[in-house]
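Note that chain A is present in both complexes that follow, paired respectively with chain B and with chain C.
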Partner chain A sequence: MDRREFLKRAAGAGLAIAGSALGAAWLYDPRGGAEYFRSEENKKTASLKSYRVDRGKGAVEMTVVRGKDPEKMMRAGIQAMGGIGSFVQKGDVVLIKPNVAFDRAPALGATTSPDVLKAVALLCKKAGARKIIVADNPINQPEGCFFKSGIQQAAADVGAEVMLPKPGAFSLVKIGGEILKTWSMFHRPLEHATKVIGVAPCKDHNLCSASMTMKNWYGLLGGRRNQFHQQIHTVIADFAQMIRPTLVVLDATRVLMQNGPTGGRLSDVQEADTLVIGTDMVAVDAFGYTLLGRDPEKLEYIHKAEARGLGSTKWKEQNWREVLAG
Partner chain B sequence: MLARGKRGGCARARISRTETAISCMLLLLMAGIGVAIYAKGQIYDPSLYRPELTALSKQAPTEAHPVESRTDQPASAGAQMPAPGVGTQPASPPGLLDNLAPTGWKPLENVTHFTADTLYEKIDGRAEEYLDYKFVGLTCVSLVNAQDSKQFIDVYLYDMGQPAQAFGVFSVERTEGLPAVTLGREGYRAEASYFFWKGRYYVQVLGSGKGAAIEQIGLNVARTLEKRLKDDGKPLWGFKALPEKDRIPGSIQYFVKDAMSLDFMKETYIALYRKGDAKVTAFLSKQPSGETAAKTLASYEGHMKKYGKVAEKRETDAYTLISADMGGAFDVVFRKGNLIGGVSMVEDLSMAEKAALDMLAGLRDKD
Partner chain C sequence: MDMRITRVRLISQIFFIGLALFFAFITQFSYLKGYPVSLFLEVDPLVAIASSITTHTLYRSLIWSLVILIPTLVLGRFFCNWICPYGTLHQFVGWLFSNRGPRGVKERLESNRYRKWFALKYYILIGMLVAAAFGSLQIGLLDPICLFFRSLTISVLPAVDMASGWIYVQPFVYQFAWVVGPILIFFVAMNLVIPRFFCRVLCPLGALLGLLSRVSLWRIERDEQRCDNCKLCLQRCQGASDPHTALRKSECLVCFNCLDDCPHGALGFSMLPSSPHHEVAVPDLSRRRVIFAGLTGLLFFSFSRASGEITKNFKKEVMRPPGSTAEPEFLERCAKCGQCMRVCPTNVLQPAMLEAGVEGIWTPVMNMKMGYCELNCTLCGQVCPTGAIQKISIAQKLGVGEFTDLGPVKTGTAFFDQGRCLPWAMDTPCVVCQEVCPISPKAIFSREVEIVNRWGKKITLTRPFVDPTLCNGCGICEHECPVKDYRAIRVTAVGETRSRDRSLLLK
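Our next item is the complex of A and B:
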């Protein structure tokens, strides 16, 4: 090798080393592993928008509908609140959140009735919704829960899309509650939705006495959510802070009177033939608790939510209607 | 042209095209790997950093008992993970739920198993009750009618560790007035669902609807499973210790805590008795020691003073007995050695005292 050749090769090698060093310097992150991932998580923390609609002063806030046919009941109840057009407009993407927490048959009252879900979805379709998403996060075997509860079939019957809780569908969400500050949530359906309707069964609950429309949002939490059971009333009140749905529907066509939330005995289920539709979850749950034959004064979480200004337990003082439907 | 220098004779002046092409490909491959690593590093996937608990357990799950534990949901920074290796294996003998499907039915999915740590995944909101009763494991299978997929039967086999715990959870979930069925030690039916306990197991066979056909299928499944469950047949202590006379069949319950909604009443058997037209609730608890029993009695006396009025306190060498008016109904509680017993909310004081003294006498006989 002559001198010229040596210098050429040395320069090439030097350039390669310098390039690698510059590249490494560009990629180097001085924060370290844990801090890096924490800041990445923070970057990806989502916030939930309000899905409420402004219907002006004097609008009916709650209807209690009695009847046997969920479709007629939903129609009559919503009509009394100004019609579905007051809540869902043409082109909306509507998320319907039923309670599909367990792989139980609909008759056992542990999950939302498929007929009620269908009735809600049909109304949204009628209003011109572009898409209807049905989503919940049963921790164990979501496919089995959607199948056995009849919700999968009901969604298919009305052309709604069932969104299952796949791993990539979860995001950290800023909740800002007393206990729930930031938590992993089944967020994808909420990202897509322009309107959100919660459709919850009315049932006894071993830990919080009753599972109704506020508790229903627990089903969107990811992670190891059973750790909240110790302070369940505060956490349920946090849900009223977390989400402002367009509408909630308390499905009390069947009421699971005891051995909730799982049930398992038809003898524990009472036909109550009632739907409670409202915009104030606290008021709807306060009324719903009476359907379980219990005193709303004793239901801790609704009072916690009321104290935070998230709704009112005094449903009688609100603008409400009682409707009889076929 | 030859290169100059000591090793000039070995140096090549030209590099073949093939060699150049291979070199370029290798360089491109390295660059590609670099880009892929960088791109992957931009996508944060917390599940990559979560321990695989099943991999840490000593024994791999069998095909019949796959460990069912969903860990694919992103957990937040605050989420707690279970201790590695704790309770990740089925405690029940394997195969208890295999081949349970009657003719025309088939399993909907594999047999699944839940431990104390994962029970909430299956029965979120209800798991705590089972954990109070020292739950060991839950094994489940779902059977579906091959001709009608809307008809299914879910089988839940709860291993409660001890017969008393199995009976306890069975008894507190039982709804009054449901027809008894000869299944296990004790069983009942609610439409097409069957509930029974046998040995250390509490079993639920849940039919998806009503009707004679599914009722019969459910019963067949329950009977098949019942035969597979071992039981030493030894009667539970509470069944022997509580008086048999006038006892309403199927009324015994066992509470590990909060019996009669009293937070100091632990490990207590309760039974209903018919005394003429009246119903009397009797209770009996074996405490770990005489000292603990004395403390429980003191707590009961405190409760009586707070919510009622103590009518009499009788102390003998053999026992202490306290009766109180609890606002129109009467409680009588006694302590004998490490036993606490009595009657609660009886309409008449003399009836309450007699029932409590009869219980005491019975205990003396059995001692």
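Our next item is the complex of A and C:
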């Protein structure tokens, strides 16, 4: 072997040795890789900002609107709360979260009415929203739910973007609830949004008695959410801790009185011609429960939320209005 | 541009494989609209003939198979090299790996030589048709159209989605994708050994069309005056049909490459042979082997039925899609094409391996871990080309309107496993099953019980029960049950409406 060849090989070997050492140092993980074994604080999580708007003291917190035409009802209801301009400003990206959990026609009352969704979206557009996103993570197959509930068409009619729960749209979010500390969430729409409006139908529920604006946020969660039922009331109260929406709308144009939350027959549904618009979802749900003909004193999750200071079940003591429209 | 007939053929092949891929892509809820997505299966003469043999009827759109069958009687196996997307795939791969340079002439001629064992496909066809005569439709195992769509549905599209996310909103997976995919790879890879191995050796549809082309009027004709026996016509011969000597009509795929490759212009496509020894009209089959192949088909049928899977020993896992015919007729009709599994919006339809018996390989069964049957959906029956799953309406499925007397179509019945159910066995609230039950009134009802738990605390539990008169076996309860690995509520086939023998309740 001549000197030249020796130097070449020695240099090559030296590089390979240095390379493996550097590679090993770069990949070295003293903790072990499993996310599961890390404490909650050490997990990579996103957190949600508050989407609430400060409107000063004395602002109307809730309106109950009676009428037949959702568009007129929404307009009149929001007007009584100071107009849409006090919630949505020019350039806002608004996430509207309907309940599209089931593959059902609108008349069956298991999903948010497309007319109500449209009415909300139109108001946001009028206020100058740059973009409107409609998103939900249904229990039934998503495309079917958005199509048959009429929500897809309604969104298309007002130029809103439907965001479907694709696997990449979920991330681990810090919730800080009593049970839900961190949880996989349909987070992509929330990343984009500057305002969030929940639009939930008013429904009977087999386990927690009623599904309204608080329970609606179930649809932004992923992962093993079928475990929530084991402590459903605490978990629903956690939702109120998880997200501070700009507004919630309880769509009680139809009310699913029985066989909820899926319904299935027209006879399960009652026309109630009512919308409840509010900034405190605990109050809205307390009122909404009366539309099901039930006593809010007995709805466990609103009281749990109230006890944690997340809202008030005493809607009567709040600054609220009743409005007749259309 | 020089518009040779081979170029027209290439355009036709690209168009049809493009159309097939387009149909495969849009066979899903969001894009389906009114497209005839099962068209390729409906024009497939083997599906039509074999299912006519099993059922003695020609189901709906299968009449369109005449569009292929009649021209074949005049022109020969043009389908194989002008339309068949699976054939185009093999031709493309064979071309890709062939030695196309000037030094590869000898290798190319050799690879396209006819070999005696290419006759295997005729014996496969005969065996399958004899099994069909007894009521077992097995052609779908090797029919190229069924194979093409099945491979796409079960293995290729899920793989494409994994890489791109273009196919599904929520990823679909299929049991035995690891078997269906490698079968595709094997057949494709065999083109490296023998070009168009599948078409020449195994394809039962090609064999059928080869037999039919016996009477065809047009065929490749060689002018012996001009021919100098250079054999260059074999260079790109797709069927290995001996155009350099007496043409094997049953093997010729009418690709017309030989017309291009003949340096002397000795080959043409013309009507009726000028001399009968210019062609071999029938495949070279031996009578004893034909009888042996037929006997094999018969024995396949007898042996598989002797194992009792469709009678006494039917399996609880064999839950067929809503609208399916009773099991014996299902096996007469299902072509294993996988269209139902492709269109199913929830991924519940899965290819069976052996749970439905050896005859039921690749037929659809419901697996509630994968999905559930969507209440207001009958898409599987809409795309089924052979009526194994009947085209039922939503009203018929739900048993409403004019179908009230018949009641809903049930695919099975749900049963609680009280040893695994949280409120039954573990003093823990749950009833997710009841929440998601889509029937009204719900087929899952509950009773509240007050118990004293192990710590002496009084708690109220809601314990669920199934009402078998209302349960339609959709399986969403099982799908959503939080006891993930072996669910606390499970659906089995008993109570399915398609068979009286498998009913549960005295009405």
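Operating definition for what follows: the second predicted complex is superposed on the first by the 306 of 326 C-alpha atoms of A that agree within 3 Å, B and C clash if a C-alpha of one lies under 4 Å from a C-alpha of the other, contacts with A are read in each partner's own complex, and residues count from 1 in each chain.
Please note the rule applied: a residue touches a chain if its C-beta (ideal position, glycine included) is under 8 Å from a C-beta of that chain, and two chains touch if they have at least 3 such contacts.
Because the structure is predicted, anything quoted here is derived from the model rather than measured.
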Simultaneous placement of chain C and chain B on chain A, clash or fit: clash
Partner chain(s) touched by A:His205 [first = chain B, second = chain C, both, neither]: both
Per-residue touch tally on chain A - higher for chain B or for chain C: B
Chain B versus chain C as contact partner of A:Gly144, first or second or both or neither: both
Partner chain in contact with A:Gln231 - chain B first, chain C second, else both or neither: second
Contacts of A:Asp268 with chain B and chain C, given as first, second, both or neither: both
Touched partner set for A:Trp183, first chain B, second chain C, both or neither: first
Partner chain(s) touched by A:Leu164 [first = chain B, second = chain C, both, neither]: second
Partner chain in contact with A:Ala107 - chain B first, chain C second, else both or neither: first
Touching partner for A:Ala46 - first (chain B), second (chain C), both, neither: neither
Part of chain C, among the options 294-302, 420-428 or 492-500, whose backbone runs into chain B after overlay: 492-500
Intersection of chain A interface sets (partners chain B, chain C): 102-104, 139-141, 144, 147-148, 165, 167, 205-207, 224, 226-227, 229, 259, 261-262, 264-265, 268
Residue ranges of chain A touching chain B (in the complex, touch as defined): 1-2, 5, 27, 37-38, 40-41, 44, 101-105, 107-108, 137, 139-141, 144, 147-148, 150, 165, 167, 170-172, 181-184, 205-208, 211, 222-227, 229, 258-262, 264-268
Footprint of chain A on chain C - complex, ascending: 28-30, 165, 169-171, 345-346, 371, 374-377, 422, 428-432, 434-442, 446, 462, 476, 480-482, 484
Residues of chain B that touch chain A when the two form their complex: 3-5, 8, 11, 38, 44, 46-47, 49, 68, 70, 72-81, 108-109, 112, 120-129, 142, 149-150, 152, 154, 173, 175, 177-178, 190-193, 195, 204, 206, 208-210
Residues on chain A engaged by chain C in the complex (per definition of touch): 102-104, 139-144, 147-148, 164-168, 205-207, 224, 226-227, 229-232, 259, 261-265, 268
